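Let me give you the structure first, and then I'll get to my questions.
Labels run A, B and C following the written order; every chain starts at residue 1.
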């Protein structure tokens, strides 16, 4: 592993002509990520890294688009024609960006925690996140607030919840 | 020497039909290309799309790449041309992507704000850079010297060995250990 | 009668809690009027509101409030060559805008590439209550003209949409007596708790289409995002539906292009809200419920019997809990007659 990475390091410096290490690189996702990061280190040292770094998997978006072009277009088209084509891969758009205003708010979901009033938290293992009545204390019914830390969602759960909420936002606006 | 050139090795493989070699080429150059594009394109939200166009062009043009110039020179030219095309296509068309820029009287949204891009992505990128730079600062002197001469001065292992007065194998090992130490800090951040 | 007076009392209490500053014309609730004719009156007003919302030219400034967040927004609506066009933007913070016509919506967000989605689902602030079939809705809601109030400097009529069961929220609607346009919408739980409010602070109705809206209507829209349709139906079915709800979508799809697994998906709607049900297979089940509530939007998750179910929508928890309990495997080889 270490030896492999040392060879990888030499390979990216053009100091290795061993095809074996290249074969290993082509087969190992882990090595490919290391390859990316080693280059990123160089980019950062030379101040050749952009303000907003591209995703480490950026190449996947490029390949997806190339595949899409191959399917939908017979002749290679230039950039302007592509724009006119006016269809964009949703996978790419959705992989990279949020869906504008419609998902605003999802991030704050876990910021505050309150228990449900009356009864509904009697179940074992029930977790309730973030239900604050409108207007706080001035709301029509006073709520018993729980000042304890919320059972914070794990990163994994948060990611999953965001993905579901995004999908819901999308589904409710596209045709059945 | 040319068989050691990583770009040429990758290009040969691409020309043989190994798609993964193209992935590696993109991975190698993606941030450098994005960095060039930032000099031309104000809205950082557009950078990934234009960078994608650059690599699609590269993919299509690679079968004709004869290696008469260095690959990076060739790539640089494509990048700049794509950026210029993008700019002129933007100015030819009304800026549909900027509703707010159409009519300043009706729209008081600050135009200056538009260059910022996603504040979150910016913060994350800054954090990554800071972690990398701190890790470099903390390297033992001989490791720092080796990687600096390689990455900043672009020197070969042979030249570095002469300057540092040590065997080539030591240079190779020092550069790797430097990268490994920095990568140890960087890896968890990029996987998050 | 006893029942009625109890409701009457609840309404009054509710109303005084929510809007104590408004003079309430309690005469409208006089016992001499029978419930049926009052509901008819309410329906007439509600239908006038729907027509005004889609057919008039107007500009509103409004705020949406849920939990501690208050978001000021602007909406322009115009009818150009017979087609309605709505422009919405956030007034604070990052620039976020949308432009919607009858067949598509475009999103513009600071720092991101704008894009267009093909849709005929109205995404504007009062869409929930302006596309509902109020006559058919009588099965699950009752409508009561509560009285009059004042919103955004306009005299407003207040109508209460009361859910007849605990599986849907109730609503209070304020509408402008002059233009019939909606001015405020409160979402209320069956414990009379206000959980979300959309409120107009200024309204201008104009004869002509706003010139700015006219101008952007001629601009080219950003790229249309293409969404692959899946043919396969959900592997799971619901054996219970909340009153008034119908299944309007059933499929299997991926949440994300990077996902290799598909989830079974069902969408329910009662004409006011749309609810998503996601069912996916998991390895271990804990029987643990997870409830996230953001304003009236609920995200309910239950892991149970090697499956994870997540329900998202503007419904009370009881509804989600009952839906989850009713889920069973779809058996394609046992085709039910009907």
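Here is the rule we use: contacts are C-beta pairs under 8 Å (C-beta built on N, C-alpha and C of every residue); 3 or more make two chains touch, one makes a residue touch a chain.
Heads up on the chains, UniProt names are B = RNA polymerase sigma factor RpoE.
The structure presented is a predicted model; accordingly, all values stated were derived computationally and were not measured.
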{"item": "Chain-level touch network, classified as line, ring, star, complete or other", "value": "complete"}
{"item": "Distance-to-centre winner among chains (Cα means, whole assembly as reference)", "value": "A"}
{"item": "Pair with more cross-chain C-beta pairs in contact, given B-C and A-B", "value": "A-B"}
{"item": "Farthest-lying chain, centroid of Cα atoms versus that of chain B", "value": "C"}
{"item": "For chain A paired with chain C, centre-to-centre distance based on mean C-alpha positions, whole Å", "value": "28"}
{"item": "Separation of mean Cα positions, chain C and chain B [Å, integer]", "value": "45"}
{"item": "Chain A-chain B separation of Cα centroids, rounded to whole Å", "value": "20"}
{"item": "Multi-partner residues of chain B (each touching 2 or more other chains)", "value": "44-45, 117-118"}
{"item": "Sequence positions of chain A contacting 2 or more other chains", "value": "83, 92, 97"}
{"item": "Multi-partner residues of chain C (each touching 2 or more other chains)", "value": "97, 108, 112-113"}
{"item": "Residues of chain A touching chain C in the complex", "value": "64, 83, 86-95, 97-102, 104-106, 108-110, 112, 116-118, 120, 123, 125-136, 139-141, 157, 161, 163-168, 170-176"}
{"item": "Complex contacts: residues of chain A adjacent to chain B", "value": "2, 5-6, 9-17, 19, 22, 25-26, 32-46, 48-56, 58-63, 65-66, 69, 76, 78-80, 82-83, 92, 96-97, 155"}
{"item": "Residues of chain B defined as touching chain A within the complex", "value": "1, 3-6, 9, 13, 18-24, 26-28, 30-32, 34-35, 37-38, 44-45, 47-48, 51-53, 55-57, 59-60, 82, 85-86, 89, 117-118, 121-122, 124-125, 128-129, 132-133, 136, 147-148, 150-152, 156-157, 172-173, 175-176, 179-180, 182-183, 186-187, 190, 192"}
{"item": "Partner chain B, residues of chain C touching it in the complex", "value": "87, 94-95, 97, 99, 108, 110-114, 212, 215-216, 219-222"}
{"item": "Interfacial residue positions of chain C with respect to chain A in the complex", "value": "14, 17-18, 65-69, 88, 90, 96-98, 105, 107-109, 112-113, 115, 117-121, 123, 191-197, 223-228, 248-249, 253, 255-259, 265, 267, 274, 276, 278, 286-294, 299, 301, 310, 312-313, 317"}
